[in-house]
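Heads up, the next two complexes both have chain A, just with different partners, chain B and then chain C.
On to the complex of A and B.
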């Protein structure tokens, strides 16, 4: 097992180095200092701001500098604010949306998938699947715009129920429902179509296996076969799926964060790009990629734990 | 009698294709896609010009279906229509500017500038008569006055006849956006942009992915390692981060304003999934007897790969094309939101993003039209992808 983990870690090092290389090059296509200060920048300002980040050094030195993971550099747009502080402040808002969203989506989707697989080929199943495909065909942005309009705006103005905030964020569990529940619900609705379809096909595939035939032949009831035999085995792909969506979570909420004014990581990156705040962009991108790789490794390792055959290949 | 058939014919006559042809849903989806393609091609052929898409045709945010408008908005509309003609008639060269005058597809009615100004004067008087009332929708006296105003304003314009009249009635049929432009025509024009982006991005991605994947799977060794490293790297960059980095990269550059940043953003991440699938398939195919037979005859490796192995992954290319097309259309909306999207042209993403502000005023025509057109196309592609997968790749989960 440990050799497998070590192999995975070693394998991902060149991948990570490649990512950083590519991202750093892409971010330097347009001179960041020039982009931040604009056309009328004074030459000495340009030089100063470049020297501050070491942008005047050879590229290789900058590469090493970035790989040293020193995030105590100062943001250009928000004077006096360190990137590491911005990161620390934005993690909690991000997670308070994505984690509940992931949890709810998985539970609801698996339940619907079970219902759908149980009634396979019948009206219930068909209408659920049609609903899923139609739901998948609507743009994320449309869900957000209408969700915000109905849930936060119309409900408060016309219904007189101030259940959800139109935007903003306050830490703490007591404020969570007011600020975060609506974005979480929107996120659940968006991803439900994809997940339900996937889980259903997993269960349908599972139901054609020999052990199910055996169970049925031995006289087990349909319900028992579904919930005891099948669901247990279907858990492997389900868990893998949940794990693989984990890294997408930070970024997945970017649109929601921007729309609902939640000061999460996605919104910080979004604003940094608007303001051409190079130190923030570069650091966040580097961190995102690291997080992404780590959760990929974690997924692989967990998968290997569940399914020992993986380790051998 | 031996008939030489190419790989494409073989594919089209194969079992999967027969299965697809029996699938009624898939055929319906295909005809919907065909319809969109037709719209896109006619837009490309110049059925809609810039004036149809960019010029004001009426006041802001007119509701669709020649909507139930309240008196205030009707008055606004008339005021705009009178003002436009008046402005044209009062330039230094009124004859010329009146001849060139267009509001949407409407021309000013014929006559010397003096005649036109006379009519404008009458229209203003009729308008003032209506505007004198405070409660336009309540007062019963307003009705006949409004009818007179309608007639006076209509006299300013030449009534388009025949096909032009039909087009004119379509122009306002789904209302106008925040800048008074025709929502229907903008949405139809966007079909072209969507199809263009979808076809170009998916085609490049599928071809690139297939070539790299096939090479990796067939040659193995360092080629395989390099390709796997490349796609591991690119798939480890979160997609939205990649988009944002590209947004920062292209901002203010020479290519800003063209569709190339959009294509670049999509192709960077879209080539990965066809590459993965094709690599796996080719690794399986190269062990088959027919490939060994081909190499026993003495064919070169590149020839075997391109002529005998790659054509047998055609079904994967089609499935991936269809899936990526959906991805491209949906991602365009997000791209527009991030500010890297389509510029200088309307697109569904541009329309939805513009409609954000209108929704708060309870105006849904723009977001509704763009979303409806988009949903139908994406739905058709979703159904087609499912049918393709069922027909060619039944084991797929």
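On to the complex of A and C.
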């Protein structure tokens, strides 16, 4: 198993180096110093700011610098604030939304998918799928705008119940319900449509496999077939779906963070792009790429754990 | 001593007591004794429509959001009178307005005594020391320090005698920057007096002194915290802020400075201020509230909803909520809002929104009659009113010339008979024919550079249609703002959309945009070069406000209207709403230190 993990790690190192090379080139197509300084830029200011981030160095030196993972560099737009501090401050708010949302979405969607597959072709299945399609057809932004308006604003203004915050964030479990629950629920509702349909099709596909017919022939009950035989074998696509979501958890949900004023990583990156804050953009890109690669490796490892055939191959 | 109630002595004693009580009451209402102001327990909460400031170090700041935060903690030598319109300067850290020599070059400033920096560990014993003239010189010299990477040197460039040379010398390679090195134009006369000698008389100098980038900072803090000084402000202002009170992209909390000197609410106001009861606070000690909380919003919806639930004390009306709150026809607040006690404050900005031409361009540029007629024809084809009605809820002010409303030099009623203001399609077609392009024939497609803003694509389409009416073709090129600036700076943009917000309330600031030596990459993005205009500009730069200067402004304006280096102009109006519990509210975006004057009636807050 460890050989398998080591091999996966080794394979992915050149991939990561290539991604970083590509991203660094992409970020330098337009001069970052010029973009940041804007209309009053003077040649001397441009030189100074290029020197500050080593942009005046040969590209290979810049490449090595980026790969040193030194995030103690200072943000251009937020003087006195290190990129590492910005990362540290924004990761908790992001995860406060995305982790519970992923957990709830996965549990609820898999459960609905199982129910749907159980009643395949019947009224319950059709109703659930119609609801899923309706849910998918409405834009995320609409859910956010209406969710915020009805769930936070009207409830407070007309109902006198200040149950959910219109915006803001305070760390700590005691504040979680007030600041995070509404965005989490919106996120769950939005994702459920896509996930339910996907998981249902996985379940339906599994239900027509030979081993299911064998289990039924041997006299296994429908519930046992569903939960013991089918669910275990459907884990590969479920793991794939969940694992591909992982890197995005770290980056937060931009729309939710922007609309609910949650100072997460998505919002920090959005602000950095708006302000042309090159050190922050470059650092986030490097981190995101690393998480993406790591989650791919982790996915492969989990495949190997749940399916011995992967290990053997 | 008991006295019969009706005796004259008793009457006199009662009158004396009543007088003492009245005086005591008056003093009480004015905020108490000359020592530390009493805590009021009041909090003022307001929104910033962005992720917030980037730096609280005055010399590093540049945006309006930096200005809003810096102005709470720091102070400048001069400030604008809160209630007076048009804007007028008054002393803030000075005892009086500076004494100016006869030749207009030498300014002598006498500083207020007893102005204390906030208590901070950077000072001996953690107690803020008194501000002196040395601090002013040190703070201004920081603008010259290239190690700080300041964007604000342009404010004092070519202004103070010897300062430019001093800057070059101090920043020279191998030379250690020495703040103590003398500079010819900056002389400390004594602990509380400072003399500034200018290279030539420059009227704008006084306005610059009220800009937040020239705020006074203590050397101890700037040196101890270095780049961290951006997030650890130590000033002389009415509020203090601890580093941990700034939650980036989220909120900033400011608290009343316990060492703030005895400053009072102004006793000069405009007649309209009486309608709003702003005059009632005259003489009250500043700041009035104890705590200012700034909430940052990158999206308008949460800001608006929080305002509507009473969690913010004022808000600007977002464009999409304008018709909810304002009657479009009468431009007044809707009854439902008035019934809630909400107040409406339209604030015209010192804006110059225009469509510029690159005067160096071989097609639309140049100063020959045919080139001029081509630009005049384009100007006559464009209907700014249609833009205003469609994209700005008819809230913008459309005017002729580059000088925004409320400033000297702005034409009466915003109109000049010399202007080529559209739509005048027949006249435009005639001029286009005279320019050598009858019905637009032979004229290449005009590339029109504009930024990727909210509705710029739609605006470009409207312009395309309007120009099409006289047979001209236009191709919009939508760019991110930095790329747009780059294209303009490199003189690549034949025609472009841009805007200028005045740095200070003097038309000279806008006329400088057409001064030849300022051509791209300077602020003269039009690359307009007219010797007569330049000569007049050099003349007005040193003239104090006067009818003579206004006449020259008009002369310069007419030159621009005839040459048409741009099509314009418009100035935006920002719409502010205040809650019923917010008192003394007179919003402006020309300066930002006004939260110190605001009061909050906590009993009315929901």
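The rule is simple: the second predicted complex is superposed on the first by the 306 of 313 C-alpha atoms of A that agree within 3 Å, B and C clash if a C-alpha of one lies under 4 Å from a C-alpha of the other, contacts with A are read in each partner's own complex, and residues count from 1 in each chain.
As a working rule, a residue touches a chain if its C-beta (ideal position, glycine included) is under 8 Å from a C-beta of that chain, and two chains touch if they have at least 3 such contacts.
Note that the structure is a prediction, hence the values are computed from the model and not measured.
> Which partner chains sit in contact with A:169 here, chain B, chain C, both or neither? Use first/second/both/neither.
second
> So, does A:153 touch the first partner chain B, the second partner chain C, both, or neither?
Both chain B and chain C are touched by A:153.
> Applying the document's definition of touch, where does A:188 land relative to chain B and chain C: first, second, both, or neither?
neither
> Classify the contacts of A:73 with the two partner chains as first (chain B alone), second (chain C alone), both, or neither.
neither
> Tell me which partner A:16 touches in the superposition: chain B (first), chain C (second), both or neither.
After superposing on A, A:16 lies in contact with chain B but is clear of chain C.
> A:285 contacts which: chain B (first), chain C (second), both, neither?
first
> Touching A:102, do we find chain B (first), chain C (second), both, or neither?
A:102: touches no partner chain.
> Scan A:270 for contacts with chain B and chain C and give back first, second, both or neither.
In the superposed model, A:270 contacts both chain B and chain C.
> Can A:35 be said to touch chain B (first), chain C (second), both, or neither?
both
> Residue overlap on chain A between the chain B contact set and the chain C contact set?
Touching chain B and chain C on chain A: residues 30, 35, 145, 149, 153, 258, 270, 274, 276.
> Which positions of chain A touch chain C when the two form their complex?
30, 34-41, 44-45, 48-49, 52, 74, 77-81, 86, 89, 145, 148-149, 152-153, 156-157, 166-169, 258-261, 263, 267-268, 270-271, 274-276
> Contact residues on chain C for chain A in the complex?
51, 54-55, 57, 60, 62, 146, 149, 151, 154, 225, 227-232, 247-251, 295-299, 301-303, 305-306, 308-309, 311, 480-483, 485-486, 489, 521, 523
> Applying the document's contact rule, which stretches of chain B touch chain A when the two form their complex?
Listed in rising order, the residues of chain B that touch chain A are 229-230, 232-234, 236-241, 244-249, 251-253, 326, 330, 333-334, 337-339, 348-349, 352-353, 355-356, 359-360, 367, 371, 374-375, 378-379, 382-383, 386, 397.
> Please name which positions on chain A make contact with chain B in the complex.
Contact set of chain A toward chain B: 12, 14-16, 18-19, 22-23, 26-27, 29-30, 35, 133-134, 136-142, 145-146, 149, 153, 198, 201-202, 205, 237, 247-248, 250-252, 254-255, 258, 266, 269-270, 273-274, 276, 281, 284-285, 288-289, 292-293, 296.
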